[in-house]
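Structure first, then comments.
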Amino acid sequence: MFPLDQWYVAGFSWELKDRPVARTLLNRNVVMFRTGEGVAAALEDRCCHKSLPLSCGTVERRGVRCGYHGLLFAPDGACLEVPGQERIPTKAKVKSYVLSEKDSILWIWMPREEGGQPTHEAPDYWVHRDPRYTFKGDVFHYDAPYQLIHDNLLDLSHLGYVHLKTIGGNAAVHMNAELKVEASGDQVRVLRYMPESAPPPTYLDAWPFKGKIDRWQEVEFNVSHLNIWTGGADAGTEDMRDPQRGGFHMRGFHAITPETDTTAHYMWTMASNSHPERPDVSGVVFDQTALTFEEDKVVIEAQYRNILRHPGAPQVDIHVDVGPNRARRVIERLARA
Amino acid sequence: MFPLDQWYVAGFSWELKDRPVARTLLNRNVVMFRTGEGVAAALEDRCCHKSLPLSCGTVERRGVRCGYHGLLFAPDGACLEVPGQERIPTKAKVKSYVLSEKDSILWIWMPREEGGQPTHEAPDYWVHRDPRYTFKGDVFHYDAPYQLIHDNLLDLSHLGYVHLKTIGGNAAVHMNAELKVEASGDQVRVLRYMPESAPPPTYLDAWPFKGKIDRWQEVEFNVSHLNIWTGGADAGTEDMRDPQRGGFHMRGFHAITPETDTTAHYMWTMASNSHPERPDVSGVVFDQTALTFEEDKVVIEAQYRNILRHPGAPQVDIHVDVGPNRARRVIERLARA
Amino acid sequence: MFPLDQWYVAGFSWELKDRPVARTLLNRNVVMFRTGEGVAAALEDRCCHKSLPLSCGTVERRGVRCGYHGLLFAPDGACLEVPGQERIPTKAKVKSYVLSEKDSILWIWMPREEGGQPTHEAPDYWVHRDPRYTFKGDVFHYDAPYQLIHDNLLDLSHLGYVHLKTIGGNAAVHMNAELKVEASGDQVRVLRYMPESAPPPTYLDAWPFKGKIDRWQEVEFNVSHLNIWTGGADAGTEDMRDPQRGGFHMRGFHAITPETDTTAHYMWTMASNSHPERPDVSGVVFDQTALTFEEDKVVIEAQYRNILRHPGAPQVDIHVDVGPNRARRVIERLARA
């Protein structure tokens, strides 16, 4: 059960090249493509004739053509052509989805009722437009339900055990960080501050820190995606709780879109700023973030397999679970609505 | 549900060498072997002692010997020997099937009632005996139910989209070809003629055509197999509707035998004639046909996976579906009988 | 259904090094580890916080630490530490198993009721302590239920068909060997003697036999493991039925521990003596035994897949089945208890 009548991330603009892209989203099989005329579109991934996935077909000027008998479909799912036959049968059409392309992100509206239209605009993501930042992204696949990934991202205390080699650093510092959880509406925010702490390896690779740093981790949970603002500044030089602080910034966009009830897509970008005295470090930051996510994937998939092996086994809560539990209540409330 | 009290193709003569061959046919697990005395036989693939597949055993002069404790079984399933024990238990026997070897084809009788005997002779296939043709064959496996392959073969309009590189050629020509569907008894015939058309790549590799050709595609559906006679002659030189026409001939034997309810064996041979001025081209024709079938396999398996993902989703018929739909009605009638 | 309130073999001492070992035993997911203080322990393989397998964690001086948020557990399952939190929740503990380490074997008590304690000591295995023998062992995995492996080991007549290249030799000799089956309590013994027989390849590699040999095969079935004493002496030089006989000895320890209802662990060691005139041959004997077990695995897994394909199909008993059937009755009686 997922929250519906919501925008979800379906992918990124750069994925739509000269071939259709198949992706299952919230148990629906979707084909996305960009027509020769430049329109990004999303349809049910099934030809209405013999059920071949339209993603096995080809992209043309006006739409996508099936790879079996050549039926051509427009971005709105209308059949434009049945080769060898003049009349187009009335029932020859496929379901379409509303796709909104903004800031290099493909947002798809997932309606509660078939054909339901968006009630509001797709989210804005200003970081992708801000010239101070360079970003790069990727799509990872998880054999685990999406909420286990929410749990992971809302509880960064795991950095000390799972990500020692990249962004982790000292476990005790992470576990004892100052922690604040705020919730309002459908948002949950987990704020962690680690003053006077040692910069982790990735930070040292990216920025010429002089010694200890004041470090922040601000996680903002939304139903469709999380914004994670992390970074650090030389100890004592900035107010680390001020959104206008200077220093080194990693701004992560983390869209966890359910694929099925038990699997998920992790669609993310990582943006960072570069120190004036250093060349662009965004490649290094991206690569190390990708490594970090691979580490998470191993842990979360092992966790999920083990949950399946022990159905109904109880879990004991500890101090770090406040944020994740708040987010679960938001999802539960919206999914029931 | 399959038509029973029917002959089906179980394999080809050249497959029975010095080892037993395991093959599941219509959900029955069968072992085939040729005894040292030359008898081709088919038994249930299970030793009656400890259930090891007999296909894990060895072929001997009089039958097949189990690879676990050495029980020996005759072509009719009788146990001939229990090593270390004089008396052979009354119940020590395995089920046998009637196997008829003709024209290099192994036909198996699939009875409605256990032990039921054939009511007629296995089909004749004269092409394998005709000195004008050279043939070669193979067995492909499909992760798709057998009727999706019938559909494919009875509707050659897909050649223009799926087989561009081999036997396809211009999509519009294929889609607009003259089409005639005939049915009588348990047979369905789909006849397509494409006068004055461009020869496709495989034809040009095989025959010295001078320019445009008159091209024919004659598909004959039978419950156990399809005969597909295709070919072409220089435009205006032959009556392309006359079975005695000259020119280049590809005579395909296509036996689609269900493996299970959801998988199938595609057992086929391709025979062709060679032009007097050219060396034997049957190897080229066979290789390109195999490539064509690989293309079909990709499409049909993708189609089937997508049908499974969308249970109950409706399909819209178009003009090319007349032949396939007729054949489906034949299968349905016989399967219910 | 398995006999409970029994010791089973969980592994071997040499497996517990610096990392935890995960193993499913009788459908229970177990993690085994040796603490820095040297204690061998077995716990349920699930952290009580977020369900990550503890086998993904690390071994420390006092116990095993979870790889997600760092909870530390003692050999008895008590939580010793929750990083970042002073109070340890009362419910923070994991199930523990009684593990007894003897003669390089890890015995685990599988209680009928949760928390049930052993009613007797774990079995003794003197061969591992006897200086006349050198041994080596391994753990194999079978995609087949454990009783099919019992059947195989209690009926060595299959050696003539399955193990021709190693310990098999002439099939007729094996099938016609003198055979005696004894049962007492929960034990079954199958005794086979083959006087004046040709030594098989492995025997010739290991011992300087002069010609024909008197050969013995003594299989002792226990619920948790089988002892298989085999060997041979130059014909006429020893009383092959006397436990004190000389000659070449292969002493096999075969613990077949169910993994799940349909899969099993085969944990075995092979001990042998060396002839005074020859260097240590235990490596050769071990390698050829491993090869033999690989042959058995192929046969038994093929047998099991075929049993699954033919549910309810009857099996016919022959003379070699007396021992296996006795053992099945022991298991059935104990599992019902």
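Here the chain labels run A, B and C in written order, and each chain numbers its own residues starting at 1.
Note that in this section contacts are C-beta pairs under 8 Å (C-beta built on N, C-alpha and C of every residue); 3 or more make two chains touch, one makes a residue touch a chain.
The shown structure was predicted, so the numbers you read here are calculated from the model rather than taken from an experiment.
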Give the fewest steps needed to get from chain A to chain C, where each step moves from one chain to a chain it touches.
-> 1
If you list every residue number at the chain A and chain B contact, are more than half found on both copies (same) or fewer than half (different)?
-> different
Averaging C-alpha coordinates per chain, one finds the centres of chain A and chain B separated by a number of Å equal to 48
Shared-interface residues of chain B (touching two or more other chains) are none
Which residues of chain A touch chain B in the complex?
-> 29, 45-46, 48-53, 56, 66-71, 82-85, 89, 91-92
If you look only at chain C, which of its residues touch chain B in the complex?
-> 151, 155, 157-158, 160-162, 171-172, 174-176, 299, 302-303, 306-307, 309-310, 313-320
